[in-house]
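To start, the structure itself, in structure tokens.
Going in written order, the chains are labelled A, B, C and D, and every chain counts its residues from 1.
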């Protein structure tokens, strides 16, 4: 019998405790949480009260090292293709054209002074596929591929999720391709000619030697 | 403090002194053969339910729950989200009215109707003000207890007609629960009726009138009245399927219980019925134990607070505020407590509430006889 | 009290004999109903399907069906190189990504046999204990919802939000971190991180107490969970249970203590097991209680780590990260204590490839869930919900 | 036990496993292979596959072994040996604390391994998973169905020679 009354008593007491807690929160509803980010020194001094942030207008700020939308500083990209190989889900696609020797100056250098040896006409990142793991960023030798703290980049059309970073237009790329082909053909011809010349020289030398 | 010792108080406002002046006047209003007044009388509670469900019931509950949970609640539609409920209604109106192919069409359609009618019929005997009552019955309280049982039929029809296992579970649970909790609820109300010596709701209110405001309420007239008051409050939670007794619609167990298959306006009607009965039980609680439309403020010498805050309009204000207060407590409980299990629910009803209700009944009788 | 509740179950009497046999007696034979619970059901925590045979409200048998969230983790592992698997492990138990990464890295590091810098170890402990708290908060919150209490759930999520912010600050991502790398970390934590961490611990302690008073001590909650789904210790071990589930059955077994890894031997923490006073050992309430108490222990661990952690001067989080992960031929079974139990990785390397030959994840939820059929026998439907909730499954890990 | 005499000191956990293996070797002789005392996962192989259940029961119940906890059971494909196998990581939880791994192999086509589901409940679902992914049979398993893949999926995905089916109920499969 005492258990029976004890049950009723603990029931009443714990229910009252719970109701006290919810009521405390109800009256605390005049306060609202601020929208300081976690990197703000006052972060834990502004978390009391209603914690909703109304998203499009208020948002929890992303810290500066936030790892969201990928971005490629194509000026610094040397077209090495490490990121393409490292990506576990192959969301980066890349095409490169070798820079012809006379174009090396036009193609320029990276910000830390490294000569770029490839045109990158296609550098597409499908950010819809990207799982922001950061592996591509870690392998990038020039640190041109970075995750930016921009976390909201929704689109209505899925094709807009493919970001193009290439530094040549299609026409330019075709021109460069032709030029490269010419240069290569030229080089091949010269090489051939040189080889032939060397052969004839050698033959002549042999002949003259006889 | 004897009941008869309280003088008939005057109702200084508007329409004379007699009880039910407004409703009597309205009842006499006919245009040729058409009993327009009766229609208006019937429409007033209906409009009231709709308005209150729209404002306090849905919006209020959402906001209250949000504040208790450190959230903001609806904020987008209108300032502070005030128009959110309207948006919801519009959405529900536009929705396709689906009747599942394998459902029993008649029961499926009729269920929400019965449910709503059940809770709405009880409003007929609720005195909304000293001057207004839908139907002044001398067995008002008895009628209110009885008519609510019709809801059970509606729930069973909805649950069985849906031809869904979850709905059936919900319906069966609900029926078992409501029928069981009728007993402690009725006995608890009987204590109030015993103190008043009548079942007429207006008379019960009248007996709790007096210049000392709240001191005349049954809850403060006798300490024993607290017991039936608490019992009825707990039982009323179960009767309206509110948490912690919301097992018929237990979201995490039965998806949505007996209204799993309902969409659109039928769903809205079920919702309306639920909010209707929430107010109904709160109002009965207020009438029987807390003086109904009487002002709780006492006359303090020259400050005649009671007299200033009495009258038909004030009466309506008081009873609605008291009802709303209890609805707030219902919401408060709902957003605090977990849900009971079926057998625990029955345990509470049969082994705790019912014996205590009987004890309260006997004690009240003794109090009424031996305490002047 | 207990007898009354059993008697309240109507025509069916359920009793559990000593040798773990559930006996269901019926006064009246009624037709049983097949009730398909899930995969879209509010309390199956994702896409679990239970096919229950029910007699009235009593579940006479329940058969779990899995695989609705199967994402071929193990097949992927054979296609991706070792460091590339780490982000996939995040997606297994998405509520405790850090712990998953760590378990995987422990396995690979064991195979590679590399020394991990001390500061890295401390940061790993901190982030994974933070994640353990976050994960337990979700477990407790959703458990409250299963039992019909909505408010504790939102309180839990409010506090979890701060943990996610902290982890985002450390790792750059909120849920799927890829922070713990094989041999190191992707980068060091920000300079202010330990300070903010301390503030978080101070902030969270009272909140945990409040949660305890609001939910765990609530009489209705206790009544709903006490004595439900009792699992004796030896059966639990035979089922391969681990983590809070096993500790709920009264076995003091914690991999951080019993198969210590990283710097856990240096840290002072308790392994909470129910003492049988507040709960019946092995029931749903015990498992809930273990989680609630473990959060406190995690806070203690974090505090100790803050004070013991070596400074960041001259520290390179990637110092020990191998340029190319190509382990010697061999097999390894590496494991770590996850919020849900033992997460193990069996990895087979052929010594030539940069991709594992076979990578099997022993997920704790998968194993814990396998006892569901036995646990659910003869329970009421509301109790079934309570049991599923107490197992705290994450379908991402069950189905992988 | 030959590895023990090589002079190289092994970690204590491996020595414990070796000691446990000694008892098994004594009881089963040539039914089990020599002990592979590597540091990452010391294991031995069950050579007579049909005695696996017996060995498992022995390992669980022997008073000096008490491998009461099966941590993991992984299916493995050995295309070079034309075999499929399982690797069981066993542990004496809460009693001795020693750990050991056991390998059991069977023929690649239509091979069968005795079930351990009655010895450790853990094995029940793990064997179903191994069957699902590799297609080996577990003789005597109480409920050998696919667990993660759909019932009507073709092929066993984790076999090294697995070729994904073209379509599944009209859905194109290869992505």
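We take it that contacts are C-beta pairs under 8 Å (C-beta built on N, C-alpha and C of every residue); 3 or more make two chains touch, one makes a residue touch a chain.
Here the structure is a predicted model, which means the values were calculated and not measured.
As a matter of contact connectivity, taking chain C out of the picture divides the rest into A, B | D. Chain geometry summary: the mean Cα position of chain B and that of chain C are 45 Å apart.
Chain A and chain C, compared by their mean Cα positions, are separated by 32 Å. Note: centroid distance chain B to chain D, computed from Cα atoms, is 65 Å. Contact of a single residue of chain B with at least two other chains is seen at positions 68-71, 335-337.
Shared interface positions of chain C, defined as residues touching 2 or more other chains, are 151, 158, 214-215, 218, 220. Chain A has residues 15, 18, 21-22, 51 in contact with two or more other chains. Contact topology of the protein chains: irregular, matching none of line, ring, star or complete. Every pair of chains meeting the touch criterion is listed here: A-B, A-C, B-C, C-D.
Listed in rising order, the residues of chain A touching chain C in the complex are 3, 7, 10-11, 13-15, 17-18, 21-22, 37-39, 41, 43-44, 47, 51, 60, 62-63, 65-68, 86, 88, 131-135, 138, 147.
Of all residues in chain C, those touching chain A in their complex are 1, 80, 83-88, 151, 158, 161-162, 165-166, 168-169, 171-173, 176, 178, 186-187, 190, 192, 196, 199-200, 202-203, 210, 213-215, 217-220, 318. For chain A in complex with chain B, the touching residues are 8, 15, 18-19, 21-23, 25-26, 28-29, 32, 49-52, 54. Against chain C, in their complex, chain B makes its touches with residues 65, 68-71, 165, 169, 243-244, 246-247, 250-255, 335-344, 346-347, 351.
On chain B, the positions that touch chain A within their shared complex are 64, 66-72, 75, 332-333, 335-337, 352.
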